[in-house]
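Down below are the structures I want you to see.
What follows is a pair of complexes built around chain A, which joins chain B in one and chain C in the other.
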Partner chain A sequence: MNRVEPADLEYLRSFLPSKRVLVGADINPEYAHDELGRIKGVPDVLVRAQSKEEVSKILSYANRRLIPVVTRGAGTGLVGGAVAVKGGIMLETTLMNRITELDEENMTVTVEPGVLLMDLAKYVGERGYMYPPDPGETSATIGGNISTNAGGMRAVKYGVTRDYVLSVTAVLPTGEIETFGSKVVKNSSGYSIKDLIIGSEGTLAVIVSATLRIVPSPKENLSLLAPFPTFQTAVSAVPELIRSGTDPTAVEFLTREVISLAEDYLGKSFPRIQGDAALLLTYDGFSAQDVSERADMASELCIGRGAYDVYIVDTEERKESVWSARRVFLEAIKASTTEFDECDVVVPRSKIVGFAKYIGELSERIGIRIPYFGHAGDGNMHVYFCRDGLEEDAWERKLQEGFDFLYSKAAELGGMVSGEHGIGFAKREYLAGSLGSNQMELMRRIKKAFDPKGILNPHKIVT
Partner chain B sequence: MIERRIQSGVGPKTGHKNEKGVGCLNIIVCIKQVPSTSNVEVDPVTGVLRRDGIKSKMNPYDLFALEQAFLLREQYGGTVAALSMGPNQAMDVLYEALYMGADSAVLASDRRFAGADVLATSYTLAQCVRKMGKYDLIVCGKQTTDGDTGQVGPEMAEWLEIPHACNAISIESFSEGAFTVKVNMDHSIYTLKIEAPCLITVDKDVNTPRLPSYLRRKRAGNAQISVWSMDDLADQAESHYGLSGSPTQVERIFPPEAHDDRECFKGSGEELADRLYSLLRQKKRI
Partner chain C sequence: MNRVEPADLEYLRSFLPSKRVLVGADINPEYAHDELGRIKGVPDVLVRAQSKEEVSKILSYANRRLIPVVTRGAGTGLVGGAVAVKGGIMLETTLMNRITELDEENMTVTVEPGVLLMDLAKYVGERGYMYPPDPGETSATIGGNISTNAGGMRAVKYGVTRDYVLSVTAVLPTGEIETFGSKVVKNSSGYSIKDLIIGSEGTLAVIVSATLRIVPSPKENLSLLAPFPTFQTAVSAVPELIRSGTDPTAVEFLTREVISLAEDYLGKSFPRIQGDAALLLTYDGFSAQDVSERADMASELCIGRGAYDVYIVDTEERKESVWSARRVFLEAIKASTTEFDECDVVVPRSKIVGFAKYIGELSERIGIRIPYFGHAGDGNMHVYFCRDGLEEDAWERKLQEGFDFLYSKAAELGGMVSGEHGIGFAKREYLAGSLGSNQMELMRRIKKAFDPKGILNPHKIVT
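Moving on to the complex of A and B:
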């Protein structure tokens, strides 16, 4: 791989205005890391693309010159996926932020990759539709969401990003612009290359447009907050809740510990509840009666499984008092410590209790605070290792040790390394450990088929 | 001058004692059903808010009032009764108060109460309070999100001839027949001692209101909410209630004009500061 040289900059500036080709001190330090900040790397040049033609020119040039290209959206990732660990060109897509088509006959919306999730939600919401995937970070770009197959809280009912991407238009390293998939509902036409690109974190191609499926926006929704004596009793109720046919949109678990951190962070109290843990359920639908009947069934079920009570979170004020806390869990944990690292393993729903118990034991054994929260409905856990007052050496050692134990436990329980954040740079070794050499070799060959020279986001996912 | 005085005594001068000999409090909380959206249209002909087809909810300020009452009940014992005035559907917010923890609820509902301004509303509520019997404290939200006057609470206190305090940020304690209250006077916080029975309106965000409980809802399924008409009240002079008891003439209701004119300045910090300064000078803001 080559570094960017003056002649390369000259080429880039031959078809791009200088203000969109930034080097040195003109590159904001934020571009040297992502949201988590532990993985660092400064790109040689930051290019802010505005069209697929520009992306095509940049890629074919970089491919000829063997310069790494790291595609970056809003930089909200947590695994170093969009960090230029080996320099090269950082290709930023946030200026490609147009919503290019709303097709109400086929219920699709076509967007450029730099459209922010919050802007897409607003755009379709105003027209009576919903784009169901809802990762907590709404200032992320759709391109980033597709690249990590982002999930979110509504996954229980609606699925994840992959379930809503009908087609992607992507630029291959050689500069060809190809559309994979289409607006069709059914498709049995050969390998699904679209599905390989989804979740590939910029290692196979650069997404320049995507057509997404939208659904009619539910008219009614309410949340239920069910406090339980313990985490175990709360989470044990989940499989039955899912089986019950009440069709929850979201099933989150909250622990007393993380609720307290959120209260400190926000400087306001969470509505008073009993017990050490709670389930936060959401129901949506098209009639108030239907939603309320399903919520009542779920309430009965929770109480039957040991909930102290079930609280009804029905108005904007009440939703705000509960969800404002849930939304800041990550920030609250971040604010509670000096440094932290995270893992977002996903285990089968039935194994959450066992996995959480293991986290508790691990925390005691290695002497490190490990708060966690997550999606009880889909087994996706967000686990945070907090450095607190640890010395650098001890912190790095305990972190490594903790992650090793945690990922091997997750694998033992039939889990996967990442539920929604991706592999990026930070989780590569755990992916290799979890999938084994045969599957990693297949991934390497797939990567080679798309990107034989290995210029696209090198050192990410596979090495 | 409108002559509508409530003459007789209005309950004990101090909190009464429970069986353990500790002071316990009977509290009344006034709540109101309001539109659940801020985008309520105004009928251009009648100038009245169009409430049809608009979903309703409890006035958000009243949630803080209820929570404050529940906290006092927890500390001192006693009861919390919710009181509202409105059409039959206002029953919904009273049920909600029961699900949150109120012990009983009263709805003042009568076609003759319709069209009431703050004076007639406060008078009607004061009449209801009298009928409700002994109380130590009335708690109200400091205002509603629809009417926004913030006057009903204080005017009720005047009708009842009891002291009142507005914009309380906390009711600290109750002892020797008086509440110690902190009130927000915008630029300062006053600590007041106010003798019971009294009326206190609470500021927003002073607590986190508890959520309605499914179990309480189940239990309250058959709960009776007392519905009182004018015939149930001591003063039955129709001219004191509703539109006829309302001296306020609303000439016009209109949504405030929304200005979203904006200008974007670009330049260095220094240039922007100069630009802003001269603009503020020009507009005589500084």
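Moving on to the complex of A and C:
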């Protein structure tokens, strides 16, 4: 791999205005890391692309010159996936942020990769539609979401990003612009390259457009807050909730510890609830009666499983206090400590309680604060190691020990390394440990099939 | 590639009983083709595997000896995918037909590849669950369904096979047994190799087990039959039906022509309906009121779009006459002619009417009968060229002309070569024409990443 040299800058500036080809002090330091913060690397040059043709020219040039290309959206990742760990070209897509088509006959929306989730939600929402995936980080780009197969709270009912991507147009390292998939909702036409690109974190091709499936916006929404005596009783109710046919949109678990952090962060209080944990459920549908019937069934079921009560989150005030807290969990944990790292494991939903027990044991054993929250409905836990006042050495040591322990426990429980945040740079060794050498070798060969020279986001996912 | 020699048979019989290693006249002629019939090839040896360990031994041996291995389930395919076009070993999986686990906490069922769809439906149905994909051919195996990413009528609401496969355990050509994915419902842990194997028609690895997601069985079901004056008016109502939020489970279109063929085939009549076409809608849910409200909305909408009437398919007699007809469409068309070939295109659902117009034009121009039926809700058409009394030469010529025309029209409309039946041997040239050389080259490289010696189902999908 080569570094970017003056002649390369000259080439880039031959077809891009200088203000979109930035070097040195002109590159905002934010571009040297993502939201995780721990993985760092300064790109040799930051290129802000505005069209697929530009992306094509940049890639084919970089491929000839053997210069790494790291594609970056809004930089909200948590695994160092969009960090230029080996310098090279950072290809930023946030200026490619047009919504190019809404097709109401086929219920699709076509977007450039830099469209922000919040803007997409607003655009389709105003027209009576919903794009179901809803990661907490709404300032992420759709390109980043596709690249990590992002999930979000509504995954229980609606599935994840993969389930809504009908096609992606992507640029191969050699500059060809190809569309994988089409505006059809089912497809058995050869290997699903589209599904390979989804979740590939910029290592196989650069996404320049995507056609997404949208659904009619549900007319009715209802949230329930069910406090339980313990985390264990709360989460143990979940498999039955899913099995019951009440079809919840989201099933989140909240712990007293994380609720308190959110209260501190926001400076306002969460509704007073008894017990150490709660489930936050949402229901949606097209008739108020149907939604309330299903919510009633769920309430009874929670009470039967030991909930103190079940509150309907209906007044504007209560909605605001519950959802504003839920939305800031990550920020609140981040603000509570000096540095953090995250474990985004997903386990079969029946194993959440067992996994949480391991977290508790680990926290005591290594003497580190490990708050967590997550998606009880789909077994995806967000577990945060907080550095607090630890010295660098001790922090690195404990973090390593903690990760080793938790990822191996997740594997024992039939879990996977990441539910929705991806592998990037930070979780490579755990991916390799979890999947084993045969699968990693297959991934290396797949990588090579797309990117024989290895210029696309090197050292991410596979090495 | 080598043919099977006596020494190879000796090796196979060293660990398999002779009755499961068949050659020559002991191989039923059915194994020389699939349901399409037109693609033919006799395997050198038919091996009926009973365990993944046997599959592993067979593959690693064949890989060393460069002998093709064609995996076959129930042989219900329609594209010659499971036909041993170059001889070699046919590896039959129908004896691997155990349901090995039902996990009610996580709502999964784990099956061997030879389990038949009808047996899976019965098993989970008796326990209060549903496996949503429902291809018309219920005597297909689940291994075959995964290999073609089979769809079915409920795809409109529930999606296709891909959406329900949480993990596949597959044997690589070198004999390694690997599990891709796990019992988790979301996953962002490296490239989704599982999604690559789904739909790969036995060309990348041999599936020996799969863990499938199941859902609670809906308590209520309702079908509606809406006759329309014309195919065009019927199908034109569909986008609005989908957009309305009534959430239909299935939206099928029926033509007068195909209904008549089914009546002839069954020797009983379909309910008397006016007009040239009809929509058959189904709704399901957990409360009778909710289902009937949604069905009422749909009925009003159909009437508003020109339906003569909307009949609830509620009496046992009417259910039987409607659904028995719908189920035999393929068999009825097959029985009506001497030979047939099929086009399983999928187009954006707004383009069905336009595509049907091309079929009509083509049928007139080349003087061939081309009945069709399909899934209006997802744009998947099943189009049948019927040979009837044509001479071999004329038939081949017209078929070629017809396919060339229809696949190019489908591509113009943004469609894909196959919605649910796959590519196999019969549709390779149309896949290549539709996707272009860059995508085919990527597929060849992916094939090579899994199967460097090319022993797995050669000449299928890619060549």
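Convention: the second predicted complex is superposed on the first by the 462 of 463 C-alpha atoms of A that agree within 3 Å, B and C clash if a C-alpha of one lies under 4 Å from a C-alpha of the other, contacts with A are read in each partner's own complex, and residues count from 1 in each chain.
By definition in this document, a residue touches a chain if its C-beta (ideal position, glycine included) is under 8 Å from a C-beta of that chain, and two chains touch if they have at least 3 such contacts.
Just so you know, these numbers come straight off a predicted model, no measurement behind them.
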item: First (chain B), second (chain C), both or neither touched by A:321; value: first
item: Comparing the two partners chain B and chain C, which touches a greater set of residues in chain A; value: C
item: Chain B versus chain C as contact partner of A:130, first or second or both or neither; value: neither
item: First, second, both or neither for A:269, with chain B first and chain C second; value: first
item: First (chain B), second (chain C), both or neither touched by A:1; value: neither
item: Residues on chain A lying within both footprints (that of chain B and that of chain C); value: none
item: Touching residues (chain side chain A, partner chain B) in the complex; value: 224-225, 268-272, 296, 299, 303, 309-318, 321-322
item: Touching residues on chain C, where the partner in the complex is chain A; value: 103-108, 148-151, 155, 159-160, 162-163, 172, 176, 178, 180, 182-193, 195-196, 198-200, 204, 216, 218-219, 239, 242-247, 285-287, 289-290, 293-294, 344, 346-350, 378-380, 414-423, 431, 434-436, 438-439, 442-443, 445-450, 461-462
item: Chain A contact footprint on chain B (complex, rising order); value: 36, 57-58, 60, 63, 99, 205, 207-217
